[in-house]
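Two complexes come next, and they have one chain in common, chain A, joined by chain B in the first and chain C in the second.
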Partner chain A sequence: MTNIDQARTTTPPPPGPLPHNLATAWAKPKGWRQLTEVNNTFIGAMYVGTGLLFLVLGGVLALLIRWQLAVPGNDLLTPEQYNQVFTMHGTTMMFLFAVPIVEATSVYLMPLQLGARDLPFPRMSAYGFWCYLFGGLMAYSSIFWWIAPNSGWFVYPPLSTDYAGDYKTDFWLLGIGFIEIAAIAQVVEVVVGIMKTRAVGMSLDRLPIYSWYVLVTVLMIGFGFPPLILGDILMEVERAAGWPFFDPTRGGDPLLWQHLFWFFGHPEVYIIFLPAAGLVSTILPTFVGRPLVGYTWVVLAAIATGFLSFGLWVHHMFTTGLPHLSLSFFSAASFAVAIPTGIQVFCWIATIWSGKPVWKVPFLYIIGFLFTFVMGGLTGVMVAAVPFDWQAHDSYFIVAHLHYVLIGGMVFPLLAALYYYLPLASGRMMSERLGKLSFWLIFLGFHATFFPMHVTGLLGMPRRVYTYPAGFGWDGLNLASSLGAAVLALGFVVFFYDLISHWWVGPKAKRNPWGAGTLEWASSLPSPDTGVRSVPRVTGHYPIWDDPDLPGRIDRGEGLLADSPHGFRETIRTGTVDARPEQILILPGPTAVPLVAGLATATAFILAVFHLWLWAAPPAALAVSLLLYWAWHTEFRPEGVASRDVGDGMILPYYATGPRSHAWWAMVVLVVTDASAYGGLLFSYLFIWTVSGSWPPGGLSATFDGTLALAGAGLLLLSVLPVRMAVSADRRGRPLSTALFLVLASLLGAAAGFLLWLLLRASNLPAAEHTYAALVWMMLLFPLGHVALGMVMALFTATKAAVRPRGLAWSHAVANTSLWWQWSVAQLLFSLAVVLYFPTLA
Partner chain B sequence: MANLLARDNPFTIILAPILWSLHFLVVYCTNAVACAKGWGGVTVLGLGLVDFTVLAATVVVLVLLAGLAGLAWSRFAPVKDARDYVHEHDPELARQARQRFMALAGLLQCGLAFVATAFVALPVLLVPKC
Partner chain C sequence: MRGRHVLGAVLALAALALAGCTGQQAVLDPRGPAAAHLAEFSWLLFWGGAAIFAFTMAMLAIGLVFTDWTKRTPPIRLVVWLGLAFPVVTLLALTVYTAAVGRWVDLGRGQDGGEPPLRVDVVGQQYWWEVTYHDGQGGTVTSANELNIPVGRRVEVHLASRDVIHSFWVPSLHGKMDLIPGRTNTITIQADTPGVIRGQCAEFCGEQHALMAFFVVAHESAAFEAWLAARRQPARVPEMPDLVAGQRAFLAAGCGSCHVVRGLAEGPYAAVGQLGPDLTHVGSRLSLAAGTLPNGVGPLAAWIADAQDLKPGNRMPSFHHLDSETLTSIARYLGSLE
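Right after this comes the complex of A and B.
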């Protein structure tokens, strides 16, 4: 009997009670106070639940679409209502279901699988989640008053700017836009979590395959979302203040929006698909009893897909009249991405081949995924060919293709994962019988709905039409799609009935019920709030298969961090490459701050949709104060305790600074993300240059005062010096000097900002009249906003430094302020150079 | 500044796709700007501006990728049998397994980036520019 067989057939005995101090540290508050819990098992479960709620809400809209289109000339919905329904269907499914739920799944699973007790910034996950819940519900509710966005989920101008009417597009820009910002919070959280909080010995080559996929995914979110957030800002400024960016009558170009949108929008498809592929790569080995074939090849595929997917965005714009050769570059890249996708598919097939499949429900869903996704992938290769796309573009063929890759590629694996992983949360098993029924209803319903659409599309039926006349040969196909949708919906009813009822009637799950090899199954069920009972040393991709006694050793507290003598919530921070333990992170306990701040943020944004600026001010102020209150209480350091023995005679410090620390990594990830937004702004400037005859265009002439520019730039450069001196003063334990240097830097920043403001005022560029002028203002205001935020950070950090006990080097806040400051200054100087000198070059 | 090519630096895995991205950016931007600004008539060394830039960028990137692949191979070859050391407790053997993984991952990335770069550049020989 091999280790794998032994691990698959033995049930570890139930664990003994937790040490008292560990149990109290991780105890969940009771009653309504539960909502103040920030632990990933609680937030993750709520997060997944909310994602599923939006799946239902988006699904109801899909049924309305299919009802409307079931027969020709139907009048269930008016054209305007239909526009809102299909727009909100796409928006809800993409922004409120698909992206959040893949992040939610990783928030829940990742620490369990990495052997961490929680992610490194639990309050940030919680804040991101509450923003998403409240903001999502408020944005979705616009459909109940028929004031929802109505120009498609990609809100193309001029449809979304000139013809949408009041509020509708604003709901999309503000309601959805700030959820994108919440998504960035999870990017920082998950990247740092994977890099820095792993089980000891879980070096890069032993990283669970799901973590590789999620790492690639969140980095893609980090690069793809910011240009869209920037686009959101530009479009909202155009709508609210009249600065033209996309209006061709004033020098703008609607295609700019399409570039910014699809630079996010295409990677988005892989952002949704990759984590689902990660789930498949994790679950599949369990059901065939053999390790994943080609680990390194699958890692290759995940990373390569992440990169290649950023070279595909123009394939959504093949019919916009771009140069032929440009289209061909994107066409070639679109074909090339089939290579890593093919590698994954063959690795999965080889894995199934290498073992003996057990036909349980999760495995069925995975087979459904393989079948459906490969079909969607093949139509993807078809539409990657420019001439074919010219024929199929904006037809139902595309609708069929995108649902095959999205539902096939993401929803099927997600359902597999829910059947597979819910015992972790509920401690009970879902029903095999209902599971098989739901699978066949969903699988057959799906194909009955979407397969005919390929044909409807090839017969010429365009997307987004609210009805169609009889006699084009579309009637029977549409009716078939609508009947299929009913079967699909019935499948989901069975699934959700099973999901909800299993919490009460499902049979109790034994430990490691599927005989899996990965670490999340080492604990008793439902997973304890502590995560792993003690942190094991990992040697391999399937720790339980490597050592069937591992759950027992974890239970007996033979791993690290088996107790919590000081009563803190703790997890181990490890080296990025070799996962060598380096530090104990103290994690925060329950707090209402993320909950209230999330509610306040969402309220402020939704009031802003209606341009009720005064009403939006109090909740915005509340949100900002709470965030500052939260920032004040970061960097908690226990008095008189600098380190402790975590087991095995290993003594780890409680504090570390600089590039090793989790805080430094978080700021670096944020800066990189922000740089992508700035890249979007720079692209906008250059794009408008390419479509304009002269530069500055339209007979405009800018007068930039060279002295003001030079003085501003000089002061900015100078301000970097005191910021860097503040960091070194802080490292040497001199809080007062730190505070003084930071105040000095802020003063220099303020003076430079004032000079540059004067420069803009005197430049004779009316932002509301021409895109060039609006872009110049934006190129400088965007980095100026960064410097202003840097000043808030500097003054806040200075205050913190001034009032804290002397002699302690608490330099996270200072070091992060310094990183942010230097990045903002670099951005502003670069903008200044472009705005001043590019016109002379061009 | 950390050495991006150090044996234990995870950047060695993503350098190849970064080179692919840079190549893609250069060829796309060159053609977009050349078409928008009517630089079709400009020639460099007897070649059209776009042809020249695409060919030059492609050659440079392919050479760099080949160099990276050579580096990855020189690191992979001595430890290519370390596959089974993934499960080792001995830190020295575990290190070999890790470095084998990183070298192989980098090598595979070079291969894919090489194919993808050449493939993206190919249309310049076949398709009209603007």
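Right after this comes the complex of A and C.
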């Protein structure tokens, strides 16, 4: 509690009913203006709803697949249509349903569980959501014109690059790449949210178990997605500009894509599963009335799963002819991931042993989850065994396995969570009767659909075939699967009917209807717009079970931040480990910027798919200007108030800079994430080296001008100095010096960039002719792009510091520009060293 | 205990369904030593997995039913013994066993003393297989969509691709191996009994991935040598007038710009094209268009006329413009190339 400024504090409010200023600060706009709301409960609910919409859209494609395959030789779909349908089914389910909905659930739920009023960067969540909604719908709509991607959700080159036709793969690359970027926004949001905005006393060892899972998950997204984004960039550059990365006739290797894809693709399934396991770990204890057994075990198991999942991507490549030794390594690593999974499963079973079950619908779905997921986990161990995988790989056995782990492991917990948590949003209960009906239809329909596929696969039926001949014993099994799919679909119809109708006809939910122990149930239902009425002090994992009067005390405003004297949306920033209150974060209110920027971004991306560059320019410019407008209005500093009493005699400042601020942490998370993308690029360079006979390969010789390289590197190093001086000038309160130092840094950066551009031009490396040349260009252009972005940031920040807009500050921008600049320079210097010296070592 | 009954029924059903596997393209219907090991391994994994599943579900059921009794057990014991210790031990054993199976099924390994394997090159392309036999004396014979092999002898298949990634899979003989552009992979297979076995492309390779099959025909050793000797011969020279007319029509239609018919290298319309399958002995093959149609004069004519309708997206154009007389005559000529 630094910066206490007694003179400028206000007196704490009297305990009692919701003060008017708090209610107005968090009031949701009415009518169509609701769409400008950025609060997590609104965005989270819309986000979950959109995820469910894509579940339906992906499900319709699944039904088309099952219809086509119901009998041999069916001609419902043409081969090309079928290929688009199964590609879009996988793509929609993985990228537009599964990943977004686990993010959505955390956006909605986590602040409520953490005792925060909102996530730390509400506009960013909103922007990510709108990008996802518009971009996802545009990408999906390609199927309506039969110009959808048609080379599988894994888009292996050369099929996807040279044989897929116009637009199709571009839809995948731009649509998905862009949704991945929205996912990265959630990574920053959620990591900082968990680290920095918790209830008082909610130290890391008291963190709700769901938050642990989500933390591990978003860190995995942060490490796993960027290499795929990098891969997307490489593939789009290969398709649009003809630079070869995956084309073996020009020195590339199709396997490079497989490495980049599966380095993301395997963690992906745990990215989907872990948050669902977090929901199970949260919901299960409520229905047996006992705390989760082995909290620490479960946390460690989740972390272990996160780590191990990055060591097993090659098990998707067991049939590509890699050496036996490396196969054995990845096989063992794949077995190993079963150990933390076993721990979690038995923690859940042990929790059931410790209590007495209450057979409500969410609990039914959890039992359905355990049954299905354990089976899918065991077939997972089977396919991790290399020799068995040689047979099972790309056969229907895998289709069975992956649906057991994904539907069993993720959709069942999600359905449990929807039944369990919807009262938070609607204030009403879903139907127990319809819930049981939908459960049995979905459970039995699921097993009828997917169990036979194990057998179909072992009978030799490969995946991704639009038809199959009769007489191999596949006919009856396929028909069974198709009939099962109809039952499964019927179950979802019942579920969605219940979900939609309960908003009007469901009985009103009483407070804490399931008798849960976690904080999200402490408020009245539906959850008020303010989030928690006042922020309580937390002493354990189950605050309501620990203190049954807690909801009452929260209502009486006995916690912190019970009012908002200045009418701001506020939440408390707490210490990372001990959750000691350190600052009041002022959160933004409703604004249309994320919505319009999201729409503009998505439009620009889709126009770019059709190579309508001129048409794409205006929406792109609009998006960029809106983002800059938004950046200009960050760092709100209320004039005349530096701190206030949040209750309990605790006086907290409104503003903090440097490593104490949430903005600084956000940039650190972003840099770490970006480093993973750069790692992917470096991996690509080294990978092509390992598969090439000599380096530079193919009789190429590069002529790098040593003087240019030295001068460029020198200028870059030099540019770090004014950036750091800008930070210290800002700290000493000298905005004009800050601005000048930032401009100087930009000039040095521009000069260095120009020299390195000359170096590339003079290097005699035609990027379109050989992978080596393309990689050298990419190794330098990627960090040069970072420096260019850094220049934009520096000039923007310099302007803000020079203008000093009323009520707005720029210190976060200075500190973050400095972080970004130093990282970009480090990256560029490293690239330069690799490009120049690695060939002499290799 | 109802849960366990249901479970037992499900398992019995599964075993029944799996045991019913017969036919010529099935993992559990092995026709060679590697596939036999793999089938045995599959059964081991299946029964092991089934037992662990049954046990885990039993533990779950106990927790759900005997709630008073289970409360007396310190719950963390379940986690330590069943969640941690049991998987560690089981998976360690499985790792060792898996490595052993991997060695047993690697037929290309450590048999230097025995008969050298027959080498066959398979080149995948959208959507068929080019097959080239090495006779061991430096000679080669090229054919398509059919792999004829001698029983009891190892066959070293070299796999490459001319366009996209494909995968070579004959479940009754071995697991699959990818054909990757720019690389050559090898898999060694062996059949133990004579017969026809079906295989199929297992890596999604484009529009007609579903119709990219092939047959493995396993012969007794002597029969195989005879077969190979016959394939070394150039195409049969037609003598009957209608076949001669068919050959002329075949050449006049321009078929030779994509297809090879060995022996027809001379003249204004030679058959030396490299884009489509070698047709020198097409009449002796089991199927047309990579397992799409059975072989015969009728299917041949249908295929020539309507290739794009029968297998849309393949590289062979439909020859709609040929009249039915010409079509029949070409088909009869090709059918005679045995």
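We adopt the following convention: the second predicted complex is superposed on the first by the 819 of 842 C-alpha atoms of A that agree within 3 Å, B and C clash if a C-alpha of one lies under 4 Å from a C-alpha of the other, contacts with A are read in each partner's own complex, and residues count from 1 in each chain.
We adopt the following convention: contacts are C-beta pairs under 8 Å (C-beta built on N, C-alpha and C of every residue); 3 or more make two chains touch, one makes a residue touch a chain.
The shown structure was predicted, so the numbers you read here are calculated from the model rather than taken from an experiment.
Visitor: So in the superposed three-chain picture, is A:Trp503 touching just chain B, just chain C, both, or none of them (first/second/both/neither)?
Guide: In the superposition, A:Trp503 touches no partner, neither chain B nor chain C.
Visitor: Per the contact definition in the header, classify A:Trp632: touching chain B only (first), chain C only (second), both, or neither.
Guide: neither
Visitor: So in the superposed three-chain picture, is A:Trp613 touching just chain B, just chain C, both, or none of them (first/second/both/neither)?
Guide: A:Trp613: touches no partner chain.
Visitor: For A:Phe329 in the superposed arrangement: first (chain B), second (chain C), both or neither?
Guide: After superposing on A, A:Phe329 lies in contact with chain B but is clear of chain C.
Visitor: Where does A:Thr319 make contact in the superposed view: on chain B (first), on chain C (second), on both, or on neither?
Guide: A:Thr319 contacts chain C only, not chain B.
Visitor: Check the residue A:Leu300 against both partner chains and state whether it touches chain B (first), chain C (second), both, or neither.
Guide: first
Visitor: Touch test for A:Ile339: chain B only (first), chain C only (second), both, or neither?
Guide: A:Ile339: touches chain B and chain C.
Visitor: One more residue to check, A:Val374. First (chain B), second (chain C), both or neither?
Guide: After superposing on A, A:Val374 lies in contact with chain C but is clear of chain B.
Visitor: Between chain B and chain C, point out the one touching more chain A residues.
Guide: C
Visitor: Shared contact residues on chain A, chain B side and chain C side combined as an intersection?
Guide: Looking at chain A, the two contact sets intersect at 297, 324, 328, 331-332, 335-336, 339.
Visitor: For chain C, which residues are in contact with chain A within the complex?
Guide: 10, 14, 17-18, 20-28, 37-38, 41-42, 45-46, 49, 52-53, 56-57, 59-60, 62-64, 67, 70-71, 73, 75-76, 78-79, 82-84, 86-88, 91, 94-95, 98-99, 101-102, 105-106, 126, 163-165, 167, 169, 171-172, 174-178, 180-183, 185-186, 198, 200-211, 312-313
Visitor: Would you pull the chain A residues touching chain C in the complex into a rising list?
Guide: Touching chain C from chain A are residues 78-80, 83, 150-152, 156, 158-159, 162-163, 248-249, 252-255, 293-294, 297, 319-321, 324, 327-328, 331-332, 335-336, 338-339, 342-347, 349-357, 367, 370-371, 374-375, 378-379, 381-382, 385-395, 451-452, 454-455, 457-460, 462-468, 471-473, 477.
Visitor: Per the contact definition, I'd like the list of chain A residues that touch chain B in the complex.
Guide: Per the stated touch rule, the residues are 201, 203-206, 296-297, 299-300, 303-304, 306-308, 310-311, 322-326, 328-333, 335-336, 339-340, 537, 539-541, 546, 576-578, 690-691.
Visitor: Which positions of chain B touch chain A when the two form their complex?
Guide: Answer in residue numbers: 8-10, 13-14, 17-18, 20-21, 24, 27-28, 31-33, 35-37, 50, 86-89, 94-95, 97-98, 100-102, 104-105, 108-109, 112-113, 115-116, 119-120, 122-124, 126-130.
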